């Protein structure tokens, strides 16, 4: 009966069911696209965290240590033969220095916690390792007596790169990153904001300004590695700035970040309504006074948002820095802008190429720290945007 | 008004900081020593990726024990290192090399007034071919390896040069197993690849098959085949080992040090009847091995006091000796006498004699 | 009175000075572009003095580092394109559907949660993506295909492509989101009033209207993928392999640039100079993509300028 009515209804579309079904399918497809991103992030973070968390622990062994003139001369005698190979080479290396700083231990044989070799550490964590069966029994023995323990890996957070995996940390690269980013901000932020002001408030609409506009849009999409070639040619070869330094790295990254800041700065300035400018002009202010006292402060939150995102990206950038020599073995914590430095992404890159499992663990550990910093920066930017977003 | 002047000043400073940076830098460039003065006493070195791990280890040791800034080691490749080293009598102070300096490179140095150079041999680098431990160990000759991996090989009748047709080992020599040839090795960028090409392929094309290759216009031919039999495996040697344990037929190419470290997983093939070992490499009995060097500008030793300490540490028994730290990292030490002679020459700042170079 | 005119004069002068300073700052971006071009161009010209440009563009053999080295970049270009193609296949549907969901379906609350998720993807450094591709994705692909009896290289193009695709999802999603949102609402309402379902409205009205903007987003994603370096340096191969099989190892323009500049070859050799020739190709190619992209987005803006008012 009802069918009959529908058949006579001129507006009835017999494919309606099908259309509604496809409507639903479409909606779920759109939703699932978002879910794929979420799923990727879940897998990604689980993977990185499960690989990286162990790096925050490091095995130590409790052993009697012989401190006397003989062992200070050759520290390999300080530990008994049976346990000799289980102790880190870094410990043997630093032992004489430790004694000279703590002379009271001389001629004593205290029982101390000493840094274990990375292979012992990997064995303790149940990872692949190169310990021989014999060494494994010794470690098991120690384990039963509670003489081998995974402790918080302070070294990882307080030292620089090292060829001894258990002795390596990312502090030097983190400081390098900070110095590099400071240079980048000092250069890119003022120039970026100035350019944005010029393009939005001052420039005349002519061919030249159109060219500048296309140029900036283009620059924003130039592959980052090409900025590295530029940095090498201009800052190192032409200006003679020291290779591998935070100064060169920061300037290179600044040129890369500049278009991002300009584009977001312009958008922010553009969103300030014309009425504000007109009112200010009406009070007799000059153009610059209008910009400086009214337009710029109102646009600042937007400019900051864009700048933070751009700078966060620069902080995660690696490719151009390979070309300017920041991928090198630089374990010392840099203290000046001209000193050789490496950055966190570069440290991640070099460790990722190392054969030892302990480095792979440290890569993930360093990635966690880097991501924490970058995502915090992004969150701050988003917060800025939300808090100061003005609906005109 | 005051405020606007202030803001002009700020903007102006910003601009001048931007431009000023550059003008300062120009000054720095014109008197290059002033820019170097900042990081004086920090040794900078460049060069071979093969020597890089050894140099970094010594650098780290120096930084940790001698109270001087840790030297900076950059891996630029032997050629790139030589280029930077010879560019001026300033930094870099040292270049690492996986071969002796070439006469052409010395000329470049000389042109820029750098002749007071000392060559330091630090030991050997051996390249091994290894399989998964469960496989039957292969014994190969250097020429068999050449026939397996070269892009172009002599034809069976020995009259012409053809694209490498071999897919199975027994096609090369009936005594070899009937298994497909599959070789995982380092990429073009790696020092190990360089030495492998030079010591296996170029060796064959410039010695045993020299006439044939010259006749074909392929002097000093050393290309590895690119038809998928030789697989570039990135810089991560661990990945090669993973592949070997998965593919029992595969052979991996890597440095001797890595073999020692993974002796529980892989086993080396003998080459020309010699098993790779420290002794067979140092004595030259194992054929795929080469000498490693670093070159230092003696004039820089005065300007950078840490340089002497670094050299002394590097050339010590503690590092390059029979039980030295670098051995654990894969360096094959020289024999005692050779080592002592090398140490003596370096410490005496013996100047590089150009007529010794090729 | 006279002090006032003096003040005015000073003011005018100051204003001019400021304007010049601002213009000078803007000039730096121009200098940067020329700087990039020249720092590549001269060395690239050196390269083409030694090697044939024609063979570079059409040759199929890339064998640096040997006597009689050949520099035919076709296998490198195809490697780049295969990886980029995989990335686009991944990124366009995910990015576009995400944008559609965000702008057409999602409630404000969902948007507030979803946007930061997409921005998180954009915030992950490429070196981290590269590590993930090399250490997790590539072995996973090799093992999965091995279980059905297909052999894949550990440096397979698929791993780099997939991860790169995820990397450019946020670019496509957020740009498409912007253009879809700026399609005037009366168009949607008109369509709905005529009895179209929501999905039909999106498919037949909104998307065609937003198409130039979406194309521009895809082109931008494409140029990002082509120029991406770290993911491929860490996860893709080194071999110039002329193949279209994504399970094989292949190399890209950026990988060869890094390799040539950090490898063991001499600095003035064609091996090293080839980096600049490849850099030039990369620059020109991304430039063309960007210009097309800028042009299409302009078309889009022109189209809706009047209707938005």
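So that you can tell them apart, the chains are marked A, B and C in the order they are listed, and the count of residues begins at 1 in each.
Following the convention adopted for this analysis, contacts are C-beta pairs under 8 Å (C-beta built on N, C-alpha and C of every residue); 3 or more make two chains touch, one makes a residue touch a chain.
For clarity, every value in this text was computed on a predicted model and none was experimentally measured.
Chain pair with the highest count of contacting C-beta pairs: A-C. The chain closest to the protein's centre is A, with centres computed as averages of CA atoms.
In whole angstrom, the spacing between the mean C-alpha positions of chain A and chain C is 21.
Chain B has its Cα centroid 30 Å from the Cα centroid of chain A.
Here the CA centre of chain B is 35 Å from the CA centre of chain C.
Residue positions 4, 11, 14-15, 18, 75, 234, 236 of chain B each touch two or more of the other chains. Multi-chain contact residues of chain A, defined as those touching 2 or more other chains: 190-191, 194, 288, 327, 352. The set of chain C residues touching two or more other chains comprises 11, 14, 18, 21-22, 25, 28, 134, 261-262. Interface residues of chain A facing chain B in the complex, by the touch rule stated above, are 89-90, 93-94, 96-97, 130, 132, 160, 162-164, 186-187, 190-191, 194, 235, 238-244, 251, 288-289, 292, 325, 327-332, 336, 338-340, 352-355, 357.
Per the touch definition, chain C reaches chain A in the complex via residues 11, 14-15, 18-19, 21-23, 25-26, 28-30, 32-33, 35-36, 38-40, 93-98, 100-102, 104-105, 114-121, 123-128, 130-132, 134-136, 166, 169, 195, 197-200, 202-203, 220, 223-224, 226-230, 233-234, 254, 257-258, 261-262, 276, 279, 282-283, 286-287, 289-291, 293-294. Considering their complex, residues 4, 7, 11, 14-15, 17-18, 21-22, 25-26, 28-29, 32, 35-36, 38-39, 42, 44, 52-53, 55-57, 59-61, 63-65, 69-70, 72-75, 234-238, 258, 261-262, 264, 325, 328-329 of chain B touch chain A. Those residues of chain B that touch chain C in the shared complex are 1, 4-5, 8, 11-12, 14-15, 18-19, 48-49, 75-80, 82-83, 98, 105, 151, 187-191, 194, 197, 217-223, 226, 228, 231-234, 236, 239, 242-243, 246.
Chain C meets chain B in the complex at residues 7, 11, 14, 17-18, 21-22, 24-25, 28, 61, 63-68, 134, 139, 146, 153-155, 237-241, 248-249, 259, 261-269, 272.
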